[in-house]
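Questions regarding the structure given below will be posed in turn.
Letters are used for the chains, namely A, B and C, taken in the order the chains are written, and counting of residues starts over at 1 for each.
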């Protein structure tokens, strides 16, 4: 297994609840795994622990294995080599991911030289090659340009080129397309997919968009309040979502074909770091909650079709595609 | 780009004109006859001297014409004659300017190295005892007027320990360096505080940028991140502030040259004011103010070169 | 990265209330010492005693004497008066000018604003000290000229500050409300606008005090400010400097230390006070 996160729990001194609670997650080589959740659900934090980018005062338990090595135990040069070589991250906002005062080429050369290419001329040639590989026109010219001269989509390609510089085995894409407009988003997704195929990368694809994750990934994890609440094959998740939260997410996102369906927002508000939970964190917003849910510490329950869902009422929950409520037909205004 | 440089230079000229006019016209603010005032007061006044002053300053003509002629003469380095020293003012200036320039240059090197160094150190070790020490020391040195600092240095390193000469500017490069160390240090002390704080602040701000964490996430060595991503991005405010402080140092030599008995233009100004030698005072003030305005304009022009975003903004504006 | 250059010199102090209390206590002591100098000083500040020239510490003179045998402690105590009152006067003049100009510029806008801005710009072209030296070259040395000149030199920065806070204040609804009631501009400014800005402006002035004291001391040291037989600290340093070469450090260092100590204390307390008063950075 390329990435194997086991029972990862991460706490901060000031926070009422852990940022991450018992998170377990696996990504195989060549596999694309989606990680979905609202902001604050812990999905970015999970990705950052893979690079051991932790808040200063954080207390961590559990293991984060990359290729069998526990990342949390790394330090100093070993940690730098891990960050520079094995795993690369593509961040959300390409404009803030690049140093605005330096040239695009400097960014790439720097990445290349930190991973072994010591000769500057070779590094330069490689950088231009990478710029071409991520689909930028006139790579020679891009090399000398500065970030403010490029569009958001072009910059994200640069950032991806930078991530590829190290020839990593695992790519962490943290909301990598969220800041882009729709057409650019599609181009970047296509690029990520083809790169994954060519280079046999494992990819952890983080997004708040469940539909996007289901369409783009092989498997999807859904997170809520620092916990993984459900995990399934992507196409099954779409049709057989089990956890009430996942179903709530599906019910509240619009889709082309069911334009008449009423969008049902999940009642209540997303949990903040100051909320504490004695049991299932979703209980207060869950339509199926019973008093016992408030004291049941969630644990993954295996699903018949593969995957898990962390809900004690699985047996009583509806199956199959999220239903269209009867009262949903909107009367023409 | 060129348009903005043009605007700066036009602004520079306008400020120079305005400042020089103030320096020139100050004569008319003095009580009594400007000719008498320019000649150094009534005590040693002779009719010949008065006539010479009238002739030199064209006092019989309208104010604007006088100013125009005076400026024209200044541009031709004809700054009149000092009645105190009996020399051409321009000769006085040119013989004393090198000392002042060396002093300012030396002090600049000191405060840039020490100030930026301390600031970087404080920023990198933010929250540690190093940071507290830098902040504490700079609070202290910023509160000591340079002449007091100079006196203290003379007292301890000059007189008590005898490591450095107490007065004079020395011969040759090594001698000059030896003689100017204490004065330059005294001038630099306050500046070190300012630069250290600006550097620390700019580094902290630059270090909070997302791309710095991205670089860290990519496993770049820390010293490289600090040099290429934090310090490099913090340079704008740091260089600007260094320029402004250097510009201000020309005026700062007034006190320091007096403390250390250096014969530069600062002590020349003090002597001229105390002995009512107005033509000399005027010339030194003009030189110092012109230098100040020039350096500040230069800093303004250099700033966009350090930040390509500013350059883009200005040329599109 | 923000484009604006702001120096955060204040942050470190806020975390250390102990320093602020110590600074305030020291300043209170200095003010008391200045006020009760005649009671505290063992000698008259100008009592010359050539037989006791350059006496060290201890004995009859706690801090020693200067070349003319004047008691240094007594002189420093008396000198505190000039050294504290003169910067206050300077700031008062600068504030009067600066606040007036800044308010008028912000209130009237248009060519008045442009004119005030241009004048401030030209003043900024002079390093403050040189401007005062020019004034002294013209009007002659003396503490009054120095205070007036530095008052003029400090006014532009206060005007600039006042203008910026007044512009914000002017945009507030209550100003329009008074206008609608038919109240005149001068009255709104004097009765409402400026009083509402007072806290912030005082906060700004407090930070300038240390610099005012240092500038005045420098002028006195150069012989441009207080004239003998004053016990102004800057002047005392100048008079004491000659004795350094003879190995007597106290005559110059005692007043020098006094200047530095008061400025340090004031900067520590001032920065804290400016924050409390909500002065804009």
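FYI, contacts are C-beta pairs under 8 Å (C-beta built on N, C-alpha and C of every residue); 3 or more make two chains touch, one makes a residue touch a chain.
The UniProt protein names, listed by chain, are A = ABC transporter ATP-binding protein; B, C = ABC transporter permease.
The structure displayed is predicted, hence computed values, not measured ones.
Undergrad: Component check with subunit B excluded and positions unchanged: what groups of chains do you get?
TA: A | C, once subunit B is excluded.
Undergrad: Looking at C-alpha means, what's the farthest chain from subunit B?
TA: Looking at centroid distances, A is the chain farthest away.
Undergrad: Using only alpha carbons, which chain's centroid is the nearest to the whole structure's centroid?
TA: If one averages C-alpha positions chain by chain, the most central is B.
Undergrad: As a quick test, compute the distance in whole Å between the mean CA positions of subunit A and subunit B.
TA: So the centroids are 55 Å from each other.
Undergrad: As a quick test, compute the distance in whole Å between the mean CA positions of subunit A and subunit C.
TA: The answer is 58 Å.
Undergrad: I'd like the Å distance between the centres of subunit B and subunit C, where a centre is the mean of that chain's Cα atoms.
TA: Averaging C-alpha atoms per chain gives centres 22 Å apart.
Undergrad: For subunit B, give me the residues that contact two or more of the other chains.
TA: Touching at least two other chains: 209, 233.
Undergrad: In subunit C, what residues contact two or more other chains?
TA: Those would be 1.
Undergrad: Residues of subunit A that touch two or more other chains: which are they?
TA: 100
Undergrad: Which of the residues in subunit B end up touching subunit C in this complex?
TA: My answer: residues 15, 18-19, 22-23, 26-27, 29-31, 37, 132, 135-136, 139-140, 142-148, 151-152, 154-155, 158-160, 166, 194, 197-198, 201-202, 205-206, 209, 233-234, 236-237, 240-241, 247-248, 250-252, 254-255, 258-259, 269-270, 272-274, 278, 281-282, 285, 288-289, 292-293, 310.
Undergrad: Would you pull the subunit B residues touching subunit A in the complex into a rising list?
TA: Residue list for subunit B touching subunit A: 209-211, 213-221, 224, 228-229, 232-233, 306-309, 312.
Undergrad: Which of the residues in subunit C end up touching subunit B in this complex?
TA: Residue list for subunit C touching subunit B: 1-3, 5-9, 12-13, 121-122, 125-127, 129-130, 133-139, 141, 210, 214, 217-218, 221-224, 234, 237, 241, 244-245, 247, 249, 252-253, 256-257, 259-260, 263-264, 266-268.
Undergrad: Write out the stretch or stretches of subunit A touching subunit B in their complex.
TA: Where subunit A meets subunit B, its residues are 48, 51, 53, 79-85, 88-89, 91, 93, 96-102, 106, 110-111, 114-115, 146, 148-149, 162, 166.
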